[in-house]
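Going in written order, the chains are labelled A, B and C, and every chain counts its residues from 1.
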């Protein structure tokens, strides 16, 4: 992905950072705020021009870096994202919601009106779209940060690399590589856990395998994931059902290809079996 | 200086603590196999009772389980996912930090100093792997072995690796119970140590203790400070029997004599497509492989101090970015990446370093999440190859490979 | 604090990751995305000690951006003057593009084996290159002109997209006039001023006479030119031992340690980037090796 050199400016004009929220839980914005040790350094290097979760004061656009959290779930949001794109030179989506539609994209496989009637006493007041979709479905996105939530280190690396004009050191390879660098024994091999690590993008620092748990793919698909082979192993050797497979893949990144295609495949298989 | 290979001593089980104490006296950080995270791992130990005891491992393609074993025995398992690689060639290593001041690069921080390690419980295949990495990282080029790279850009030996190896003390344990994916015997790398392997002490476990031999001056000094008795004839004979039996019970086999030629021919083998369907390209095999040495150096910045750190991390030839050039990755398909890895291990490693890159430890088979089996893949390639020889037209080459 | 200036002279055992500081003393814009920068080591002793051969490359380092492998394109008989011709394609080259004269970059090298100076004695030398591929061959041209008695004929065949894309345009004109070397330049797309040949660079082979047994060939260009170029000489019955190709790979360490640039049994950084065709013929035609 090309990185624009956004900051070849004089000392006085620090690049302006804007952070936006769409349909989301705020967790990714919190990841930014959780960078306690580095937050002051970031504030020293960029000007936080628009970040409602952190400060009330806001400066008018344009902004140099825009970070977008959340998916597009309402007609209002679909409008607003276009303005955000116009306001930001460099647009980054942060987190699973913004890059894949997030957990709320599960409704894309269901009837939203029916849901509304179950949940709300007066569903007619709820204005929402039929689908929850990633930002990149609506506008051009310069860079995507995966994860539910995003990894704070990756967030810092992205900001730093934009400031320094280097290619962000944000890998697309499998989680396994990070996991093995930490020296963790493979949970799939040593415990027979259904781990999505071999098809999931690295970046979290192998959090779940570090707690003896299988990866559930919150960073979404890696480069060239071999869904067939892992699926074959999980349904064959590990004897997972098609239903289990579908549920594993339809989590935070279920609406992102090729997780979507694979989960649809297991849904069809589930129906055939029934 | 090596010591004659014949001499054996006997180290009672109770004296393991004394051995570790001697190592501590000599300022070694002692590493040994421990039971941790449902696997046998190599970690720092203070006392002998921290070593894994009474566990056996079961290995098969993509499966590793620990089960209860004989409580009297410490080394009933073979190799876990860890190897000595992570100590001499750390998974993540800061090389240096610098900042620019005027026209100078000012070094803020140099890389970490090499540790002084005594690694206990290495297997013969691990030693063979260390010998392979010694060549890769330029430690003790054997005299007369005029390496092609020595004449090019001033032969570079890796400072950290060389120092860490120089200071290290390697205590091997011969294997009396090979694992299900072991095939070291096919390479002549086990189940017992041989004179070409870089070890200081080597032990064979019995019920009451270890028959122990020394190869180096460092090892001999430790033996004498422990004031061990000589092993008696019965113990030496039993050691021989145990090791012979182990050699006959390898979980896997590989015909190794013709591999470079086979894989040279097999560059267009249809079998690569079959493997590519199964290979996840996840990199697990390269990470657990004790000889794989690929790495990437990248920059990171400290915004507060303005200092830039260059960090080297293990990398895998299975990643898409690994062969990235401005015109795209050279090996963009999983097929090509698996082919590259296998041919490198078994074929082109010989051209580069004069040895095979595979030592027969079986880690890549055990720790592949989908159980791709190197020995089986080679056999399939061999089958295709023999068919090709009968039916395919002769290969057209400009000239024979020199 | 240790500065790289204080580090020991390169010899077996030192830590090769430290970059030497080099300052940019001159910048020439070659075409819309390519510039030639002149470097000199900041440290006088390092400057005097630095020796290299045509075809070798350096790893240029921009702190906090990264390193890129760039071949040296100046005259190896004046080893203190280090020119690098750089096309902007990635983040490191873009960072260098933005650097004015007087800036400091890091430098490690020289790496690689370079062009086969030993092999050309008493032979004809034909160099074929395309686009940025002229940069690694330029030191070879200088060397041949400096030691003209070494070989018989010297021919340079160069192809690029348009006349404006030519590297070292003034020098090409000079060499064109020089009786010691034959220079033929072809372009893919001609402008109204262009009176030279149009078409791919291998077409130029029709315009020269190659005495097959007595010719050493050097090819440097994009992957497709390397292939087609090398093969077209083989078709003219130039022995494969006398055809040399310069390859491009992703490089990280420069000395055969990191694995990135592997090409079959070769490390392009250490054993190459220049290879004799007969040494790589079995993998040269293969994809994704």
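Rule of thumb we're sticking to: contacts are C-beta pairs under 8 Å (C-beta built on N, C-alpha and C of every residue); 3 or more make two chains touch, one makes a residue touch a chain.
All values derive from a computational prediction rather than experimental measurement.
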Labels of chains that are neighbours to chain B and to chain C: A
Chain occupying the most central position, where position means C-alpha average: B
Contact-richer chain pair [A-C vs A-B]: A-B
For chain A paired with chain B, centre-to-centre distance based on mean C-alpha positions, whole Å: 37
Inter-centroid spacing, chain C versus chain A (mean Cα positions, whole Å): 43
Shared interface positions of chain C, touching two or more other chains: 64-66, 90
Residues within chain A bordering two or more other chains: 160, 164, 166
Of all residues in chain B, the ones touching two or more other chains: 298-299, 301, 315
Sites on chain A touched by chain B in the complex: 38, 40-42, 44-45, 157, 160, 163-164, 166, 169, 171-174, 176-177, 180-186, 188-192, 195, 197-199, 212, 223-226, 228-230, 232-233, 237
Touching residues (chain side chain C, partner chain B) in the complex: 1-5, 10-19, 21, 23, 42, 63-67, 89-90, 104, 106, 109-113, 222-223, 234, 240, 248-250, 252-260, 262, 264-267, 270-271, 277-279, 281-283, 286-289
In the complex with chain A, residue positions of chain B that touch it: 37-39, 41, 62-65, 80-82, 86, 91-92, 277-284, 287-288, 298-304, 313-316, 318-321, 334, 366-371
Touching residues (chain side chain C, partner chain A) in the complex: 64-66, 90-92, 94-95, 98
Residue numbers on chain B that touch chain C, as the complex places them: 95-96, 98-100, 103-108, 110-111, 136-138, 148-149, 152-160, 162, 264, 267-268, 293-299, 301, 308, 310, 312, 315, 317, 322-327, 330-333, 335-336, 339-340, 343-344, 347-348, 350-352, 397-399, 401-402
